[in-house]
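Chain IDs A, B and C follow the sequence of writing; residue 1 opens each chain.
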Amino acid sequence: MDDRIKVEKVSYTYEEAEEPALSQVSCHIAPGEFVAVLGHNGSGKSTLAKLLNALYLPTEGVVTVCGMDTRDEDKTWDIRQQAGMIFQNPDNQIVATVVKEDVAFGLENLGVPTEEMPGRIESALSAVRMNAFADSAPHMLSGGQKQRVAIAGILAMEPSVMIADEATAMLDPSGRAEVLETIRRLNRQKGITVVWITHFMEEAAQADRVIVVSDGKIAREGTPREVFRHIDEMRALHLDVPHMTALAKELREGGMPLREDILTVEEMVEEVARLVCLSN
Amino acid sequence: MPIELKSVTHTYSEGSAFQATAIRNVSLTIEDGEFIAVVGHTGSGKSTLVQHLNGLLKPTGGQILIDGEDLNAPGADRRRIRQKVGLVFQYPEYQLFEETVAKDIAFGPKNLGLSEDEIDARVRRAMAHVHLDYDKYAQRSPFELSGGQMRRVAIAGVLAMEPKVLILDEPTAGLDPRGRDRILGMVQELHARGGTTVIMVSHSMDDVARLATRLVVMSKGELVATGTPREIFRQVDMMESIGLGVPEAARLCALLRQRGVKLPDDLYTPEELRDSLLALWKEAHPC
Amino acid sequence: MLKNITMGQYYPVDSLVHRLDPRIKILLTIAFIVAVFMVHSLVGYAIMLGFVYLTSRLARVPFKMLMRGLKPLRFILVLTFLLNLFFSGSGEPVFQLWFITVTAQGLSQAVHYSLRLMFLVVGTSLLTLTTSPIMLSDGIELLLSPLKRFHFPAHELGMMMSIALRFIPTLLEETDKIQKAQMARGADFESGNLMQRAKAMVPLLVPLFVSAFRRAGDLAMAMEARCYHGGENRTRLRVLKIQRNDLLACATMAGLILLIVAEGLLL
């Protein structure tokens, strides 16, 4: 089967922990897919992320990235080049004192020849629309801009998968929007597979597929429409559903025959306008 | 204990090359028992504004009166005022330092020079406010707790000063939905039952719509609007032009009105919108 | 705001001196220090002063700025001067008052020592004013890299210096925030005796350390995720190459040393 990432019956237990953080998890991610992983803090979603690029190795089971087994030590650097990762805290993942040098960091580690670097840095920075800041100091940038620099740093390494571990959790709404928009564009235009770990429902609603993790297991999996219609189940897992999905449910209960799988305000407008105008 | 700001201006590094005006000419009166939400973009001056309210920053122009007393007058007792106006910073869990939760929460009351008994009583009350069980958590190290719990310990540390006004700078930043709901529930309780005046800086219009009695809208260092959520959120265009937006329910209401659905123009909570829509529906389908 | 702090005393303009290879500049600074120790006459010091002045013009660094580097040292300078003046040297006193005796030798030694100290400071200031901290750390790393053969961690040292430079502004900002947060809880950092003040720092230092360690852990993971595995097989974006101007600068320094030596022999 043609999978970018394959997780087969994987368990992971932290040192000194009694309970496994993940147990018997299996999932497949296809090339070009945008998959959101949802779960509350401590659900095991971050652990899953770190298993996908050999930062953690499974206690049980197998993880393969582009056909490479993460337990194979000879392949560690190839795997990390193929599956880049963006972390939560924008400050704690930028290494250099100048933006373009930070983008170069991964290339330097891969041993890319010096002559090749400026071109790759430039195209990575323009892909995240940060070329105007190539010579800036990272600490002068906003949170969203720092995350875009981090994305450029990964992009320059020409990966096929990007894993974002709550990359928007510490940002304000506009920063969150600009980072998500950047990643979605890279997914559409460059066909980069995205694993988007988050606890924001509105972000998950934009994914091709949602995986809900709870207590170290996959609790539900499917398109956002399929997943979010289970409002009570999501709430029981201490997760939200998009406001419009919740409102649609209440309206249905009040007797309005609305569609069950509404996610956005725009969809709600269409549905309500259709029903109300029909009746007028 | 009303707080009155009279044309407050704050300019950082005045006179240097890096001079930057963070807030300009802000006038505002905060009455007892209000729940004020300060909303605005990052860099709009919200954080600078709230740091003035307990004297951590001094205005470079204008005055701040607390209970009629000029906070920055020579001889004003800023430490006494700080005790009345508690400020919870962003990511407050990063300020924890003591060996145990109880000791950390006691830091503020100790600085006030209270008796041991009073300190202990305050620690217990503060922990009850943030829903942390005293027997279970008081003697644990704050660094062993989960992120959400650490944040509640930090908030308890400010509550133990027993302030009349509580300021929170983005208290839910970085938390998951469960952590967020806990903190907001707690703040709401303090306001409703404890009668504490609350001033909360927030990015979430939906949270603000649910909790605040009044909004203060900041943009580019200036106060651009203030009013009840209903007054502010009906101005969808104004809020969108400064890049803030309105709660989803208010946006839905505005879009539906554009499509000719007969709704009042000032709905902003999902509940009112639901009731209005259902009423419309029932009218058209009496059976 | 704290965000705008400038690192060290780097004076960010573009000049011939700024563009010199940092390795060359470090070596030239060492040569300059050697030259300072070879000077034994006032004429020699005059030559050195001329050199420093011309270099500062060439570097487009105001001479006043350079002299400002001496300000923090003024007490040490005065002390050096007075100690040498009163307590060194033997021979005929030129001046005597109660228990104070000043000899000619003492006077000359006092002048020498203070001038030497001043030139040492000014010379190194020329280096730090014209070389950004990151270039400086690059230069040090490269100069030390031949020692790698003896398992000296030159690459790690360079990486450490550059990460420290990256995080200084972040940690300063954080210090300011924690300090304010504790002040909001009634902490007092300004009054009390030394003991009380030291104790008052605990609520500031503990969170700062905790945060620094957390950041270090995060950063280490982020670096690993970006394939960092030490200095082996690593290429660099910034490659330093010796240019014609670097050679010219070396020749100038050689000229200065020759001049000093000649002056010492002739006078």
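Rule of thumb we're sticking to: contacts are C-beta pairs under 8 Å (C-beta built on N, C-alpha and C of every residue); 3 or more make two chains touch, one makes a residue touch a chain.
Keep in mind that what you see is a predicted model, and the values were worked out from it rather than measured.
Contact count check for B-C and A-C (C-beta pairs in contact): higher for A-C. Each chain gets a centre from the mean of its Cα atoms; the one farthest from the centre of chain A is C.
Measuring from the averaged C-alpha position of chain A to that of chain B gives a distance of 30 Å.
If each chain is reduced to the centroid of its CA atoms, chain A and chain C end up 45 Å from each other.
In chain A, no residue reaches two or more other chains under the touch definition. The residues of chain C never reach two or more other chains; the list is empty.
If you check the complex, the residues on chain C that touch chain B are 1, 4, 174, 177-178, 180-188, 202-203, 206-207, 210-211. Residues 3, 133-134, 162-163, 165-166, 169-170, 173, 214-215, 218-219, 221-229, 233-239 of chain C are the ones touching chain A in the complex.
Against chain B, in their complex, chain A makes its touches with residues 40-42, 88, 142-143, 169-170, 172-175, 199, 201, 238-240, 243-244, 246-247, 250-251, 254-256, 265-266, 268-269, 272-273, 275-277, 279-280.
Residues of chain B that touch chain A in their complex: 41-43, 146-148, 173-179, 203-204, 206, 243, 245, 248-249, 251-252, 255-256, 259-261, 270, 273-274, 277-278, 280-282, 284-285. Residues of chain B that touch chain C in their complex: 12-13, 18, 20, 51, 54, 56, 79, 82-83, 86-87, 89, 92, 94-97, 107-108, 111-112, 143, 157-158, 161.
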